[in-house]
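Sharing a structure here in structure tokens format.
By written order: A, B, C and D. Residues from 1 in each chain.
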């Protein structure tokens, strides 16, 4: 069983025609659509929470996320998260996992909303869901074809691409 | 480095407005599009060949596919293949791999063409590309969330879904 | 009030993953989706019937279509039809309209299914729905930017494009 | 010959993954894509200009737009414009057309970017392009199935829908 914790971020954004902008909706529709062809075969449970652009995430949100992971019955946890502060949440989670655990936690997200073009978002999520079965305990980031320990990968903000550090 | 061998199948089909039908084009456009967000980070080389609906694959095609895999410099090989005879090609490859080798071969494909809805095709391909890094030598099928030794997975033709055997 | 008579054709085709082919479904989902942004403002009623690839249309189908148009309360009638025999249905309708009437009948359709790429199908349908308000009684074809009396337009089968005759 | 003047607005917006927002690009790609199936048959020339969200349009932009229309050789002019101040540009154009002319000017746009979902944008543009051939001189708005003199139609901001006035 894999626990997916959906915190929002670009992955989930949808266009609101009345507001004329992209918003993070308080639902898991994008995640469910990305997993549609997988659902029956892999036991996955989704927890939706926070539902924010990661630039708006506060320390209280990160604490809540850590508690959510700590409280999950599953050892395999995939977190959908905005890309801008994914590294900060990963560090917060890593401190906790180091002490507590045997959990394999993989953070993922997207640069382009699933609702605008589903390819990158689907690719990132599926690489996280696939890799989590093979990893040792720890906190990882799965983005743009890489699945690496969280402190070996970083977002290149000019290119809009996650890259291996060093 | 991962070698992708693209043999055609539904994954690649595109609508031909003049013919009024879906055709398997002799190119790798769907594969390249599915890998667009991954390309820079993962060393992937694509070999296009055969380009057939798998119902039209002949024994000579399967022999050519085995030779293609045998000749690849890479140990990690992902094969995009029509779903209807994926099991037969997997068995042909398995006989050869058992004798020869240390190669990890993962077959994948799609029930819905990438050009019609990219989600399932992208998910299947990315699960293959992700898993191939972690697997022991052998021949596997990656479809619909499952990555299993080729003789532990089968296509349920009524549901249009690959399932674990037994 | 505009009456839309949906007879099937490529406009409506959808991919059936189990069959592995495009089928003409016995519903009006593509038409409704193409009209979603128009619905509230224009009084439109949809009649679904025949639901065939137009190559499979028989004389009995054409007779049924003429009766459907004759029986419609609305003077403005848009017919969604396969492109291959649109001209034959138009001639059948024209014979009848010439005798009977004040009806403005516009046939339209698509070379690419709405479900694969909605742009051409939407464009053709909206040009028919828009033009039908301005036309004199008669039978017209609205395809690819042209709205012309049915005997002044023809399908160029090499290009997959409707063209003005002469 | 129809002159299309593309001033930007939501119709043209595209997602910029680096900025993480929708932007009005300084090109006519959305318009060209919406017209792809029409191009060969209808003589259309596109002038790109201003390229703004209509909330950011200034009086100088409106003056420039009037000059652009005045200077066009074509009598049939379709203007792609943001929906929020479409009424103000229409009034500015109407004052000028009343004095000068025989031009038929139709403003159109979209609530949803063509790049996110092409159906509404295509429908609005095609209704404008189709109707402009049949209209008397004047300034019109073509949105959501309606093609009306500009002072008989208004944007319902709660519904995100243009409606007939009165």
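Assume a residue touches a chain if its C-beta (ideal position, glycine included) is under 8 Å from a C-beta of that chain, and two chains touch if they have at least 3 such contacts.
Nothing here was measured: the structure is a model prediction, and the numbers come from that model.
Among the remaining chains, none touches chain A as well as chain D.
Comparing the centres of all chains, each the average of its CA atoms, the largest separation from chain B belongs to D. Comparing C-D with the candidates B-C, A-D or A-B, the pair whose contacts agree for more than half of the residue-numbered pairs is A-B. Remark: chain A and chain B have CA centroids separated by 27 Å (rounded to whole angstrom). Measuring from the averaged C-alpha position of chain B to that of chain D gives a distance of 46 Å. Taking each chain's centre as the mean of its C-alpha atoms, chain B lies 40 Å from chain C. For chain B, residues that reach two or more other chains under the stated contact definition are 111. Chain contacts in this assembly form a single closed ring in which each chain touches exactly two others. Chain pairs that touch one another are A-B, A-D, B-C, C-D.
Interface of chain C with chain D (complex): residues 33-42, 111, 118-120, 122-124, 126-127, 129-131, 134, 144-147, 161-164. For chain B in complex with chain C, the residues that touch the partner chain are 10, 15, 17-18, 20-22, 84, 111-113, 115-117, 157-160.
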